[in-house]
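Okay, got some structures for you below.
Note that chain A is present in both complexes that follow, paired respectively with chain B and with chain C.
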Partner chain A sequence: MRYAMAIDTKKCVGCADCVVACQTENNVPHGYCRDWIVENVEGTYPSLDMKFQSERCNHCENAPCVRCCPTGASHIAEGGIVLVTHDDCIGCGACVEACPYDARYMHPEGYVDKCTFCIQRVDKGENPACVDVCPTYCLHFGDLDDPNSNVSKALKDRSWYVLAPEAGTEPQLYFLR
Partner chain B sequence: MKEELIVSGKHLPDIYPVLHLWHWEISLYLFLGGLAGGILFFAAYFYITGKEKEMPTTVKWATIIAPLALAIGLSSLLYDLHHKLYFWRLFTTVRFTSPMSWGAWTLMIIFPLSLIWIGTYMKEMFPNWNWKFKFLNDFEALAIKYRLSIAWLMMALSIILAVYTGILLSAFNARPLWNTSILGPLFLVSGFSTGLAAIMWLSNDEHERKVLSRIDIFFILTELFLIVHLFMGFMAGTAVKLEAFHLFMGGAFTISFWVFVVLLGLIFPVTLEILELKGFHIPKWVPPLLILFGGLMFRFVMVDAGQITRFLY
Partner chain C sequence: MKTRRQFIKISAAGAGAAALGLHTLNVKGLNLFGEREDGQTPASDEEMTAISTYCEVCFWKCAGWTYVDKKGKIRKIIGNKDDPNSNGRLCPRGTGGIGMYYDEDRLKTPLIRETKKDGTQYFRKASWDEALKKIADKMKEVKEKYGPEAFGYFNHGTPGGHLEHLMRSYGSETNAEPAYAQCRGPRSVAYLATFGAYIGSPECTDIRDTRCMVLIGSHIGENMHNQQVQEMSMAIDQNATIITVDPRFSTPAAKSKYWLPIKPATDIALLMAWIHVLIYEDIYNKDFVKKYTFGFDQLKEHVKNMTPEWAYGITTIEPDLIRRTAREMAGYAPAVLIHPGRHVVWYGDDTQRERAMGILTALLGAWGKRGSLYLPEAKPIPKFPQPPYPEPKWMWKDLNEGRYPLATMGITTELMKACIPRFKRKHQVKALMSAGANLPISMPDKPLLKEVFDSVEFFAVIDTMPMEVTGYADVVLPEATYLERYDFLRSAQNRFPSVALRMPAVKPKYESKPAWWIVKQIGERLGLHDYFNYDDYSEVLDWQLKQIGTSLEEMKKIGVKHFPRETGALYLAENEDYQFNTNTGKVELYSTELEDKGFAPMPVYKEHPEPQQNFYRLIYGRAPMHTFSRTQNNHNLWDLMKQNTVWVNPTVANLWSLKNGEKVWLKNQDGVVTDFAVEVRVTERIRWDSVYMVHGFGHSDKKLKRAYGRGASDEKMITHYVSDPISGGAGMRGNFVTFLKENPKKDGKEDKA
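Then we have the complex of A and B:
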């Protein structure tokens, strides 16, 4: 099993519903977020091109945050989901420094927090909150090993890219172009 | 022509400032860790080579600084932790891929070891010293008997301690300034040089200071050589490495690095040390003070600057 997410950059309108849904579902403290929108505008006026990307933890296969964690609080759970065990985390910040995607933040309660692919929902066979709430259906989640999963189908006939492949992290967020 | 007009990054006003997570606590600790590593290395080294009588400050007196420096450094690390009460989690596991885990375990051994080392010399340093309890006297006798083994262990661990302060940073591939394998040797050499400086400051023995000064000159020149290599590596590197390079060449850290670290912290004191060996009179506290200042600045600059550099995507 290999959980992954595909983000359709052609459909994303940057409404940030995914951000709010995540904050609500996961009780993210006020002022913080586990996912975010990146907006790129390219070109020279009047020929401009705008692109939105909904980003979050890449749940890397070769996760630098897990590698550098001194206590093993950061770990890779079943399905490749990168998680932090709050009670094992000493809040040293090594994983925050290690993440090329800056996907982690220090929770006000002292431990490091990040996207969990809403594991509490995924375990019940549901989608992460961000996926379910997306009004343009631009987020596709599922098991890459299952050819009939939403993410496998989305990746099948579209071209895609991942973020900072040169970091060697083998990220599991696929951006459809 | 197609040019990029706007690239708005993450809209995370509350997260971005927080990402700059490591502050003075880390820099101070990296400095004190290297300093303690240097002091303990030379104490063990001169004991093993049988120069105990010749180098009394190095082998005995200066080692008192090491556990003090480590205690201050570790307190500042603990202060930096955001989940302080969970710090013991470091010692419920061994993570081979995490330099921080290596460091925690090294400190767990070298800190008591340095106290034992000082303990074996207490009666020599303070003739009226009395351990009060019999078991402490027995333990002292045992430690003195095995002093050579302790010295070897301390020498090995002090190298790991000083190297790890650099590897701690170089292990982060996400921060291009840190992610260079030369950082380990650089911090080792710099840490040992600050250790030598501290011993030289304490020592009143002309001969001992000359010996230390000669070694220190070698270490500082090596450090300068490694710094040149560090920047040659950046210049020949990819875009992210060049970005790191520009922080030091015209960027925000130009003055603090080249003036305070390289000029005042390395070139100036090494010149003074060479002049002193040639027979000029130099106040004995000047070169050590500059070296210690340069070492501290070096760690402040590296910790601060490294957190600015990141992958471009």
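Then we have the complex of A and C:
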């Protein structure tokens, strides 16, 4: 099993509904977020191109944040979901530094927090909150090993890219062109 | 990696430097979610109760479920899957709607204006009984002295609806909604004149099934009109062509096959050229035109010289592009949607521009067909038993004194002028009430509004937040948010009728009260009991629901109920005989109604003023995470976007040596300066002759602790507006601004307006 997400940049409008839905679902304190939007503009007026990317932890196959964690609080759970056991986290911040995507933040209660792919929902067979709220239906989640999962189907006939492939982290967010 | 990359994080937190700032932001640890001993554990849905509501963060009124945990705390709001307006997915504002309930700056008690001995004024906390009595006494006094018609009101949204019921029971229909003259008015008038029908809300736009959608200054995805955003995404999946006409590279422009970067204020020329191409290339929908329309020959003659070459000189859009896009539309007709837009008060000839869009629609046969505009239907809700409303001796229409003969609703500026004696209007308005309308931010011409508040004897406001408008009130009544109250049933027009229930998820916070309760209390004090013959609004809802074959009990479980259509099919059948509700019974390409009233029967392009040297046209719009001026203090939404910026083309930025993120003040053509500085965003996404701002920021009421002083108010720069003589809409895009790099108010003095 390999959980992953595909993000359709052709459809995303950068509305940040995924951000606020994550905040209310996961009790993320005000002023922090686990997912965020990046707007890319290319060209000069009027020959322009623009796309939005809804970004979050890439749940990397080869996760530097996990490798550098001194306590084992950062770990890889079933399906490749990268998690932090809050009780074991000493808040040293090594993983925050190690992540090439700035996906982690220091929670005001002293531990490191990040996207969990809403594991509490996924465990029940549901989608992450951001996927279910997105008004453009541009987020697709599921098991890459299952050819019938939403994410496998979304990737099937489309070209995609990942972020910072040069970092060698083998990220599991796929951005559809 | 891409090289030319503008990196702008829309969300509050994120990478690098941005995230650092946020750590300090939260030091206070203000925690609206209460206990967090568990720290991380999100409440699971099974442990929560889901209570039906429909969203009030904008007018789309999406139905959803408010999730309340075991401790009685609201944790989240999720869309109702059976709701056609939202399909189970609220927009960011709806998802963040909980921030409205938790906002610690909310109005907490009734307030009454007092004057100290030294003349300074302040608000004193008052009991509900005292505040309600004060309003009721004033209403009695006005009725005796001048008649109830002299008590005017501004209304918007569901609280506005309750206020309207009170005022009509009392005998006044002297009202106006900013939603008409400051927003949709010209669209209503134009489509009524052309098709004898309204577009309505939610708009009857068949985006889901369109083959080609044309957006003229409309920016779906920046305005989060939920169902439209969802359907645009479906249309993209279906590879529909999107054509966007906008001087700014908007979000939908980026998703379009054709983006026409038009010179502002020239849209009518482009529309007429499209009409010209359809007719003179003989690619219009002949069956539709022949069977359903009136005035084709006059139209053909009228547009004879309105060629793409003619339009090129005006719009800066290449003739070839005009032709190609017209052909593309014709190729997909009738599954083409000429989107009628929503906020359409731009240049004062807005009814004519909307007419041109209607005519283009008709030439494509793109009305009542799959993929164009469908025939919407709503469920009629029977009125709870009450005596008929008294007939007022005069009403909003009489305030116009013959102006704007086609206006379908009250015009805000006319109601304002009726309040001011120096305009010597036949009918004088002496007192005012408002609900859900933050006039200082929604209205152009601030000095006029100030004069209104100086002139009227009395002004009462119902609101949830200390908005700018509350500062002018004599009595302020704190309203419960939509999550804490029963309200009207939502009966929305859509592809099929549906009804949604809003009920309280929790008790009202502080001393706030639902609008239905507020107006009933005033009504009872005026002896109008027969209009308020219930103790709780749930009685009204249950009665109404039973009339339509359901009940409050059932609706509490399902939230949304669908009803079958009763007015016939969603689309016109092939060759169906159809009577349009116009003078001729046809779609009027040539408008007999406009001609009767002395207006041009077919649209004509008129030149509009251009910016002077060093000035730029001010264009304003929406961000997906905010609604008007009402959400900037909502903590959840403030987290997503705290302030607006002024968008400046790099060429202009160079000229002024403006840097990204630099703070400037704006000054308009009348010398008015913004209250606050605003950050420059240097971006290719805007033309060099214009600047752009998101509307609703730059709040000047200090009680809005988060929103105060964040960004600048576009509305403050709109001192000039052009009234549309047909509809009364106030065209607000004829204002020009320049940059001030130094604080013009160094002496700290407030400026006059």
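Everything below uses one rule, namely that the second predicted complex is superposed on the first by the 177 of 177 C-alpha atoms of A that agree within 3 Å, B and C clash if a C-alpha of one lies under 4 Å from a C-alpha of the other, contacts with A are read in each partner's own complex, and residues count from 1 in each chain.
Everything that follows uses one rule, which is that a contact is a pair of C-beta atoms (placed from the backbone, for glycine too) under 8 Å apart; a residue touches a chain by one contact, two chains touch by 3 or more.
All values derive from a computational prediction rather than experimental measurement.
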item	value
Chain B versus chain C as contact partner of A:R67, first or second or both or neither	first
Partner chain in contact with A:D143 - chain B first, chain C second, else both or neither	neither
Partner chain(s) touched by A:C33 [first = chain B, second = chain C, both, neither]	both
First, second, both or neither for A:E97, with chain B first and chain C second	first
Chain A residues contacted in one complex by chain B, in the other by chain C	31-33, 36-45, 48, 102, 105-106, 111
Interfacial residue positions of chain B with respect to chain A in the complex	1-12, 14-16, 18-19, 21-22, 80-84, 86-87, 89-90, 92-93, 95, 97-101, 104, 171-175, 238, 307, 310-311, 313
Complex contacts: residues of chain A adjacent to chain B	31-33, 36-45, 48, 55, 64, 67-73, 87-94, 96-100, 102, 105-106, 110-111, 163-164, 166-168
Touching residues on chain A, where the partner in the complex is chain C	10-11, 13-17, 19-21, 23-27, 29-33, 35-46, 48-52, 86, 101-102, 105-109, 111, 113, 120, 132-138
Chain A-touching residues of chain C, taken from the complex the two chains share	2, 4-16, 19, 22-23, 25-27, 29-33, 36, 39-44, 75-79, 88-92, 95-96, 98, 221-222, 224, 226, 229-230, 232-234, 236-237, 249, 251, 253-255, 259, 261, 624-625, 635-637, 639-641, 649-650, 683-688
